[in-house]
Amino acid sequence: MGEKGLKLLAKARKETGLAVITELLSEQHAEMVAEYTDIIQIGARNSQNFQLLIAAAKTGKPVLLKRGLSMKIEEWLLAGEYVLSNENPSLMFCERGIRTFETYTRNTLDLSAVPIIKKESHCPIVVDPSQGAGRADLVKAMCKGAVAMGADALLIEVHPNPAEAWSDGTQQVSLEVFGQLMQELRPLILAAGRE
Amino acid sequence: MGEKGLKLLAKARKETGLAVITELLSEQHAEMVAEYTDIIQIGARNSQNFQLLIAAAKTGKPVLLKRGLSMKIEEWLLAGEYVLSNENPSLMFCERGIRTFETYTRNTLDLSAVPIIKKESHCPIVVDPSQGAGRADLVKAMCKGAVAMGADALLIEVHPNPAEAWSDGTQQVSLEVFGQLMQELRPLILAAGRE
Amino acid sequence: MGEKGLKLLAKARKETGLAVITELLSEQHAEMVAEYTDIIQIGARNSQNFQLLIAAAKTGKPVLLKRGLSMKIEEWLLAGEYVLSNENPSLMFCERGIRTFETYTRNTLDLSAVPIIKKESHCPIVVDPSQGAGRADLVKAMCKGAVAMGADALLIEVHPNPAEAWSDGTQQVSLEVFGQLMQELRPLILAAGRE
Amino acid sequence: MGEKGLKLLAKARKETGLAVITELLSEQHAEMVAEYTDIIQIGARNSQNFQLLIAAAKTGKPVLLKRGLSMKIEEWLLAGEYVLSNENPSLMFCERGIRTFETYTRNTLDLSAVPIIKKESHCPIVVDPSQGAGRADLVKAMCKGAVAMGADALLIEVHPNPAEAWSDGTQQVSLEVFGQLMQELRPLILAAGRE
């Protein structure tokens, strides 16, 4: 995303009061991206791009590290060390599905990563069911499982009209479904001991 | 399991009032096993042993079909047809983890199978977190995720003293943990719209 | 395959002088199949159907054991023990591709199994490139690799007219291609120290 | 590798007459690395680091693109386009093993990639059996298979004393084994129609 796009994101943040998370794709853009975003995302394909992790860490912004497509949990924890050891304690892990033989879903969301990351790390674990399944009709169930298992946050793709989305429309939920989901998650959040 | 073992199971059933499920390993034992058990289990390694599926179906007993180690969901549904098409409507699917590259867990429990089986089939979906993770310390979290996502039943390995179990001790929970789990699952069962 | 099919195979053997290999699908057919065949094949989906392996072993016929779709080499060697330990020394391992994420080929032919089986076992290793790739246009190259790496035999699907094959037509080679292949393999067979 | 290391490589090149290939790890080092190397390597973990591919391409040096750990062949071809479309026609693909469930080898060398890349691309295909197997005792067999299947080049880790290698000693062959291998490959190279 170029600077023009980042400025639009900043404008949206100002008008809505929402925080902004966006992906960093090049070491050379680290400072520019950090200026406009609240959280820096490192994508699955760059999850072992250690120079990018270091550049992101050095901005001081919180970093969300997606799990690579065939990344062992141990490798994920070690990749996270490139952030933590560069004096940036604000690291979040994000499970977004691993690559398996299954073709019914785009990826296989590995929810066992939730309790494991909580055991092995003090960092929060975020679950991305949209990428994980690649199917809007599974997002609700995936979110419920993630919350019940202790996930600290969810990363859900929402679009006012998924059929017209510029990308990944099949995995996006409408505002209406999102509203229902928030209602349905309430008892699970309470059961998980969260407020 | 030979007939002697089956008779012991039948005795345990009589004394405790618990129902019995046990694995069928050979077509030639189908009738004998059916005599002593309430549910016939087909193991992961026999999930595409179609002759065994037919023999199990023909006993008329409910059949629990475990997912094979690298079985696509479509193949699992098709294997189930060997039961259903032999005039046995009492089929249950059981997710027990698929084989991936991950080494932190024994298998990768694919909880997305829960909503998918519910969409694609009218049969119940059971989740086996003990086999799925191979680690007792993950069983509780796995069960919570499964229930929140709509699982119809859980298959949990319990032992009065896991350290002395004859097999798979590392994935068995104690009676005490089992009791806690049943308490902790209650709000999730309610949230899932079950009584 | 029923007895009628087996009798046809026996007739083909008599008229052509070719040996016959066919798959055993049920313990209950072991004796019947053994009567008509020179080698008993155990398919990938039954590779851990231990009762079937024992029944095949007890016929005394040579047994060809295909690798399961996600079978570790260690498990394959252990499954073979069900044949060897039932007083049948005539065991052959057959690599036919493992299940991975790749979609360009039907399976991923794991040719590293060839030198590993030769190191770990005294039994012959056969390679099945037709199942392994699922594509006729890759069969020649796969065969060459297998022979160069020390395979003891190849299992190639051939059809006079692949386009009219009753099953798996896309992975079958014509008699003409088969003839060329045999020519092209000659120098590789010599290089591998075979006659 | 810093500039000091690169200067040592350049010195080794001058004294031996050997060409140098080394890995580029950061966009910001592209020009410096290009100055000292004959071929730029993009490692498996950076195989979808598109900014790095573009930076490598723009140096004008030949680029060797390793396959990612769970990269589909189609994705590999598309990643290669980031080099080709930046006016750098000197692209080589390098198969180095994919990640599967198998534990006997470090990775599963997918030799079917050799004929597929030759069908789908005009670029050379290189095979790296050292990384692919992670075991020196399999390197010879892997090389033979690769050459027989049409590989254009091999990337073999050699060390005068593998037991004292600073990294990856278990997958390195000695100079003696390397010499034998070159002899043993000769008839396979001829059979593959190469000089």
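Chains here go by letter, A, B, C and D, matching the order in which they are written, and residues are numbered from 1 within each.
One rule holds in what follows: a contact is a pair of C-beta atoms (placed from the backbone, for glycine too) under 8 Å apart; a residue touches a chain by one contact, two chains touch by 3 or more.
Source: prediction; values computed, not measured.
Simply put, of B-C and A-C, more C-beta pairs touch at B-C. Which listed pair repeats C-D comes down to matching contact pairs by residue number; over half match for A-B among B-D, A-D or A-B.
The most distant chain from chain B is D, comparing centres defined as mean Cα coordinates.
Taking the mean of the C-alpha atoms as each chain's centre, chain A and chain C sit 46 Å apart.
Centre-to-centre separation between chain B and chain C, using Cα means, comes to 33 Å. Each of residues 70, 99-101 in chain A touches at least two other chains. Those residues of chain B that touch chain D in the complex are listed here as 70, 99-101.
Chain C meets chain D in the complex at residues 70, 72-74, 98, 100-105, 108-112, 114-116, 119, 132-133, 137-138, 141-142, 144-150, 184, 187-188, 190-191.
Residue ranges of chain D in contact with chain A, taken from their complex: 25-28, 45-46, 48-52, 68-70, 99.
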